[in-house]
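Okay, so chain A shows up in both of these, paired with chain B first and chain C after.
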Partner chain A sequence: MLVAQVLINALVLGCLYACIAIGFSLVWGVLNVINLIHGSFIVLGSYLAWGLYQSLKIPPWYALIVAAPLFFILGYLLQRLLLNRVISAPVLVTLTLTFGLDLILNNAMIYFFKADYRKLTLNPPIGSVSLFDVVVPVDRLIATASALALTGLLYLLLRRSRVGRAIVAVRLDRDAAVLMGVDVKSIYAIAFGLGAALAGCAGVLMALIFPISPLSSSTFLGKAFVVCVLGGLGSVSGALAGGLLLALVEGVGSATIGPSHATTLSFALLIVFLILRPQGLLGRKGFE
Partner chain B sequence: MNRLNLALLAMIGAMAALPLFGGPYALRLGTIAAMYAILALSWNVVGGFAGYPSFATAAFFGFGAYATGVLLGHGWPLALALITALAASFVLAGLLGAVLLRLRGHYFAIASLSLVEVLRELVNNATDLTGGGMGLNIPLAAGSGVLADATFFFYAMWALLLATALMVIAISMSKLGFGLACIRQNETAADMVGLNSTLYKSIAFGLSACFVSAAGGLYAAWVHYIDPSDVFDILYSVKPIVMALMGGLGSPFGVVCGAFVYLALEEVVWRNYIQIHSGVLGVLIVMLLLLLPHGLISLHWRMFWRRAKHA
Partner chain C sequence: MFDPKLARVSQVAAMAIAALAGWGALSSPAAADDVIRFGAPLPLTGPLAPEGIKQQQGYDIWAEQANKAGGISVGGKKYKVEIVYADYQSNTPRAVQTTEQMITQDNVNFLFGPFGSGAAKAASTVSEKYRVPTIAATASSSQVYDQGYKYLFGTFTPNDTLTTPLTQIIKSKAPDVKKVAILARNDLFPLAIAQEMEKSAKANGFEVVYFEKYAIGTLDHSATLSQIKSLAPQWIFVTGYTNDLLLIRKQMVDQQMKAPVVTMIAGPAYQDFIEPAGASAENLTSASWWHPAEEYAGKDIFGSTSHFVKLFRDKYKIDPDYGHASAALCGALFQIAIERAGSLDRDKVRDELAKLDIVSFFGPVKFGPNGQINSLDPPVFQIQGAKPVVLFPQAIKQGELKLGVN
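Presenting the complex of A and B:
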């Protein structure tokens, strides 16, 4: 039964990991920028959910509807006004720029919310379901289902909508997309906005489960790295596969060699993957 | 040796006179300035000469700090512990480099970032050896005065800076430096003409790690207490990059100037805005990248002079 519990936990956590990583993967794949603010966006989303629940009693699953457009606008403006100026510069410059922006946002959050851990506690609590010996809290189930729904929504957007096709086109071949009349600058901004919106939504879902603190942003960012590298860049299914694999490795690792080594294990896996299979589980070579 | 390298050596030479003028506070600043300059110069070997965006500085800084700290705890003399840490990190970085430097661009950046995480977690979990999250106390040197202690560590760090500068200048004038420049400009072409690029990159990575590690060791002996979140702080990876970008990528003189300017700014911000110091640092980074992408070295005095003449 322990095995079943570990597997179910991995499934639940894996979908959330995928949700954390998917916006990061989109920005990396389309803009070729490693977006280090991603972790702080997630934490900011958690604070939004917490604030809405504390002040207006809006439960987190409705807070998603508020978070998505707000974060989209934030990301869109950030890309248009700042990041776009250095978008063609080498990796080092874009990476350092997002690091600087992350310092600003993170410091602002520590200043305004303090570094204390806060918890969004649903009142009344919604309990847990158990099937045989496997126990899953309902709030986790809701978060997982929402994460899957968001992932599906992004998949549909990229597949079906005009903007989505343009984003994929820019990702595959920027120059050809320009020749086809795609406005690359606005696609960049939209993709960055989408990445930010997904980060914000992931943060709202995280608030249901984990305590909130500005200090956890680097943990989220680390998870996003690992998931992206494991699953392969820029594809929705890759992020899902990477998230599930990471959660499985962490879960099994914690159960067998102890939870304190789980992080080491996941980063060691990251380095092994980078060396042996840098395109990830589902990635295809050449589509960088 | 060109003029800029001579200027660099002259500047470092002038630094040695600091204890004649300043008290303990100036010595402390001078020690940190020398440490930052070591980190920035070392990063410049991989990041500036070879063009690989390395975020591994903190990994080797922490590695050196812990290696030295643990050895000092076992009663080794400081000099021997430092040399051991230096040699060990050269070998470690050379081996890791042979594997990690096959990756390019973003992938290398992420791999080097995760190296910091892996080492930090390992040190965190090896409680028996390193004290884990409780940190490591390093025995005090036998009782000498505060000022004598400060002067000793200043000169130790200064000597290390001089060694680093000589190493970097030697690289820039040697075949190794030429090879690294080839790798930066076009690695595939460098491979084609028969340059053993893996070997060159590994040596560069090793050289960039060993002085950082020795600086970490001196830092540990200087502050007497280290813990994983302090010495494996990712800011130790980012600060040298900011210094190098500030001074001008690839030029040792520019990089050291960048380190000093950065320290001056950091000190002013720390003193006046302790609550928002990392936010101010962020603003500084953003402005630097947007407004002065080629660093201070791209500002020519002649530029100001000419402008003044026309005005």
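Presenting the complex of A and C:
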């Protein structure tokens, strides 16, 4: 029964990891920007969910509707006004810029919210469901389902919509896309906006599960990074595969060789992937 | 001949020299007469920021009180207190650098140790080298004091003074509790106290069915907790800091884990654990070095414990916990030692600290030969009705142990 419980835990956690990583993967895949502000966007999303619940009793699943457009606008403006100016510079420049922006946002959050940990506690609590002896917390199930839905939406958007096709085209061949009349700057801004919206939504969902503090942002960012390397950039399913693999390795590792070595194991796996399969499980050029 | 170019150059040079001289005067210690400077390297940002900020509040309230009373009197002359803060960003190597910088560049007279056992131990090598008396407010692990250092003092008793009374209470009040599971954050203090717990548990006849460490920054504990649940321990003992413990407690509820006794160190001593944990904090047991319910008639600047608690509430609108109190105590002890030494001489002050044997608002203070305090009876408490209720020591006991954490 322990095995089943550990596997279920890993499955649910894997979807949460995917949710954390998907926006990061999109921005990295399309813009070739390693967006270090991603973790802070997630935390900001958590604060939004927390604030809406504390003040207006709006549960996090409705807060998604507010978070998505707000974060899209934030990301869009950030890319339009700042990042687009350096987008064609080497990757180190954009990395440094997002690093600086992250410092600003993170310290602003410490200033306004303090470094204290907050917790979004639903009242009444929604508890856990159990099947035989396997227990799954309902909040994690909701977050998982929402994460899968968001991933599906993104997939459809990239596949079916004109904007989505333009995003993929820009990623595949920027110059050809320009010749075809695609406004690259605005596509970049839209892609970054989508990445930010996904981060904000992930934050809203994570508020149900993790304590909220500006200090968590680097943990989220670290997970997103590992998931992207494992799963591979350039595909929605890559983030999902990477998330599941990471959660599985961590879960099985904790249960067999102890929790302190589980992290070692997951980073060892990361190194193996970087050496043997740098494109990740499902990575390929372009974002589809 | 008058050369305008030369004139301009000399004008600029003169300005530069004047500016340099002015800057030198500002930063030279001569301008800082009648002030005693205390260096406080703290983790004001990064993962340990909540704890670092507590320590800062403790130092600040002492400095405020000391200055309100005119300052510290040294041989009949009053000196104002100035605390020099530096943020080492929760990064221990940087705490060591910062400490050295405070001694060599900021010219501090005395030092407070950085947060926790690990950083305090690392930084103590520097303060020892420069022979600067240092009081560590939040370092309890004996490894910090076993280095044979002369200038390091600490206001937390060794870790076993927390686990031994706790184990004895559980043993006498809950005879059905036999199996203990211990989960520790892999960090100096949380691991050291977990190891002490293992020793205390074994010495008192408990069976330790699980002992594991989790890495710093672990985001999910579900696999570990599932495993603990499958072992059905009656006592679950978890160590870590606020974030870890909130997350673990939440995941325990998620996995419907129940046990007669659940102990968490150090979260439940903090209001910022109790509030977010809500109902899930009920009946958690813990131990700490100080509790606002204590009542000592101190000879320090704060006087009685209740007076300290009142001053703290007035200033910060929250109840002080042991981190706040210990930091304030460190300042108060320096003040006593300096006044008794009647001098700012570091060796004289160090000797006065070593000789101290007084009652403070924090409890009786006397340092052992290794510099660690050995005069305190740390309280054991339990969260009941969202409030910490003291179970031990007998003199300040507020309630009885309740079993059952759901």
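To be clear about the criterion, the second predicted complex is superposed on the first by the 283 of 288 C-alpha atoms of A that agree within 3 Å, B and C clash if a C-alpha of one lies under 4 Å from a C-alpha of the other, contacts with A are read in each partner's own complex, and residues count from 1 in each chain.
Quick note on the criterion: a contact is a pair of C-beta atoms (placed from the backbone, for glycine too) under 8 Å apart; a residue touches a chain by one contact, two chains touch by 3 or more.
Just so it is clear, the model here is predicted, and its values are computed rather than measured.
Chain B and chain C, once both complexes are superposed via chain A, clash.
In the superposed pair of complexes, A:93 makes contact with chain B only, with no contact to chain C.
Once the two complexes are overlaid on the shared chain, A:215 sits against chain C while remaining clear of chain B.
By the document's definition of touching, neither partner reaches A:276: not chain B, not chain C. In the superposed model, A:117 makes contact with chain C only, not with chain B. In the superposition on chain A, no contact is made by A:179 with either chain B or chain C. Shared-chain residue A:131: touches no atom of chain B or chain C. When both complexes are overlaid on chain A, the residue A:34 reaches chain B alone and has no touch with chain C.
In the superposition on chain A, contact is made by A:101 with chain B only, not with chain C. Of the two partner chains placed by the overlay, chain B and chain C both lie in contact with A:260. In the superposed three-chain arrangement, chain C is struck by just one stretch of chain B from 131-139, 239-247 or 293-301, namely 131-139. In the superposition on chain A, chain A positions 107, 222, 260, 263-264 are in contact with chain B in one complex as well as with chain C in the other. Residues 28, 32, 34, 82, 85-86, 89-93, 95-97, 99-108, 111, 218, 222, 225-226, 229, 260-261, 263-264, 267-268, 270-271, 274-275, 278 of chain A touch chain B in their complex. Within the complex formed with chain C, the chain A residues making contact are 1-2, 5-6, 9-10, 12-13, 107, 110, 114-119, 121, 125, 128, 130, 135, 137, 139-140, 209-211, 213, 215-216, 219, 222-223, 247, 250-255, 258-260, 262-264.
Listed in rising order, the residues of chain B touching chain A in the complex are 47, 53, 99-100, 102-103, 105-107, 109-111, 113-115, 117-118, 121-122, 124-125, 234, 238, 241-242, 245, 275-279, 281-286, 289-290, 293.
Of all residues in chain C, those touching chain A in their complex are 45-47, 49-50, 53, 183, 186, 212-215, 217-224, 226-227, 230, 242-243, 246-247, 250-251, 253-256, 272-273, 276-278.
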